[in-house]
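Provided herewith is a single structure, encoded as structure tokens, for subsequent inquiry.
Letters are used for the chains, namely A, B, C and D, taken in the order the chains are written, and counting of residues starts over at 1 for each.
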Amino acid sequence: MNPPSPQDSHAHIHSEDSLKKLVNRLSRLEGHIRGIKTMVQENRPCPDVLIQVAAVRGGLDRVARIILDEHLSECITRAAAEGNIEEEIEALKTALDRFVV
Amino acid sequence: MNPPSPQDSHAHIHSEDSLKKLVNRLSRLEGHIRGIKTMVQENRPCPDVLIQVAAVRGGLDRVARIILDEHLSECITRAAAEGNIEEEIEALKTALDRFVV
Amino acid sequence: MNPPSPQDSHAHIHSEDSLKKLVNRLSRLEGHIRGIKTMVQENRPCPDVLIQVAAVRGGLDRVARIILDEHLSECITRAAAEGNIEEEIEALKTALDRFVV
Amino acid sequence: MNPPSPQDSHAHIHSEDSLKKLVNRLSRLEGHIRGIKTMVQENRPCPDVLIQVAAVRGGLDRVARIILDEHLSECITRAAAEGNIEEEIEALKTALDRFVV
């Protein structure tokens, strides 16, 4: 019997397990950026640095996709349970606006 | 006191100043990812998290572009000074392969 | 007079009007590419050509987003009407796989 | 003794052969978009259409990269021959601005 709160109504990482995995993923990306910083300070060759920057970018895209997938599962489940079709369509479009194109 | 190394021949961040700026930029991105981790742990709404992930991605693209610009300046300058045209063309294409498309 | 087909179950551009607009948009992109071909044949400067290629790419992203939006509206509406939640979640993820990241 | 013209100074597709290949590539993309238009009119499933849109986008990125590669070869060659280093660096950065990030 949670009282409704703005956040709860759009909370999106449900299971403890997937939350922990996402946090681990973000921690690895944080460490990865720290590694790039070291490479820059050691004056490593440009293409070597760029390939690491591209790897972090790929990792971020993966994080975004995981969050988006959780969100769409949630929106569809809620639409089926509560029938607020228009509202859920807008919620998903908003999420896509934020990241996709 | 560094002995010359293969790396030196492609070192790419020349001035102390631009190196420091790049490192600062990377530190900010590192902190930004740490902030996203907190948002995920606090179960913040998906679109709010996604917009921050997109911001970090934009920041990484900016870092990549700065490195690429330093690299191309260097390649062109060296081609003009030493005339190894083919080698410099390949160096630049390699850098583009790493990040661009 | 079409007999029902597997395709119909996932048909996605519903109104005549939005279908016509999408087709017009694609026709303009087709003409845009034809224009780029002419630019290349007339040996126009590289940055001028690239800016047009980027414009077509932006137009294609817009087309993809419109199709994606129609698809997500449809998936959510169908989930609410028929309750096949898992199936609709998969349909949307598949669509995202095809274009997004 | 060509009189200088803005276009000549940045002409970028040198050989007849690579120009013809680029034009063929663009013609195929044009036909590809025409095919997507037909798919939309036949009301084909959204993921099938999206995969084709993504294919055209990939083809456009390839075209952009070919043009960029020609341009960078030219800029480096010209810098080595004429020594206008700053000018060539700017020319390449401009090209990257147009397409890359």
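Criterion: contacts are C-beta pairs under 8 Å (C-beta built on N, C-alpha and C of every residue); 3 or more make two chains touch, one makes a residue touch a chain.
The model shown is predicted, which means the values in this text are computed figures rather than measured ones.
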(message) Taking only the C-alpha atoms, how many degrees of rotation bring chain B onto chain C, rounded to the nearest 5?
(response) 180
(request) Just grab the chain with the largest centre-to-centre distance to chain C, centres being mean Cα coordinates. (result) B
(request) Would you kindly tell me how far, in whole Å, the mean C-alpha position of chain D lies from that of chain A? (result) 33
(request) Please work out the Cα centroid separation of chain A and chain C, and write it as a whole number of Å. (result) 24
(request) Quick one: which residues in chain A touch 2 or more of the other chains? (result) 61, 64, 68
(request) Make each chain a node and each touching pair an edge, then name the shape: line, ring, star, complete, other. (result) ring
(message) Going by the touch rule stated at the top, which chains touch which?
(response) A-B, A-C, B-D, C-D
(request) Spell out the part of chain D that touches chain C in their complex, as residue ranges. (result) 6-7, 10-13, 19, 22-23, 26-27, 29-30, 33-34, 36-37, 40-41, 43-47, 49-51, 53-54, 56-57, 60-61, 63-64, 67-68, 70-71, 91, 94-95, 97-99
(message) For a test of understanding, state which residues of chain D touch chain B in their complex under the given definition.
(response) 61-62, 64-65, 68-69, 72-73, 75-77, 79-80, 83, 85, 88-89, 92-93, 96, 100-101
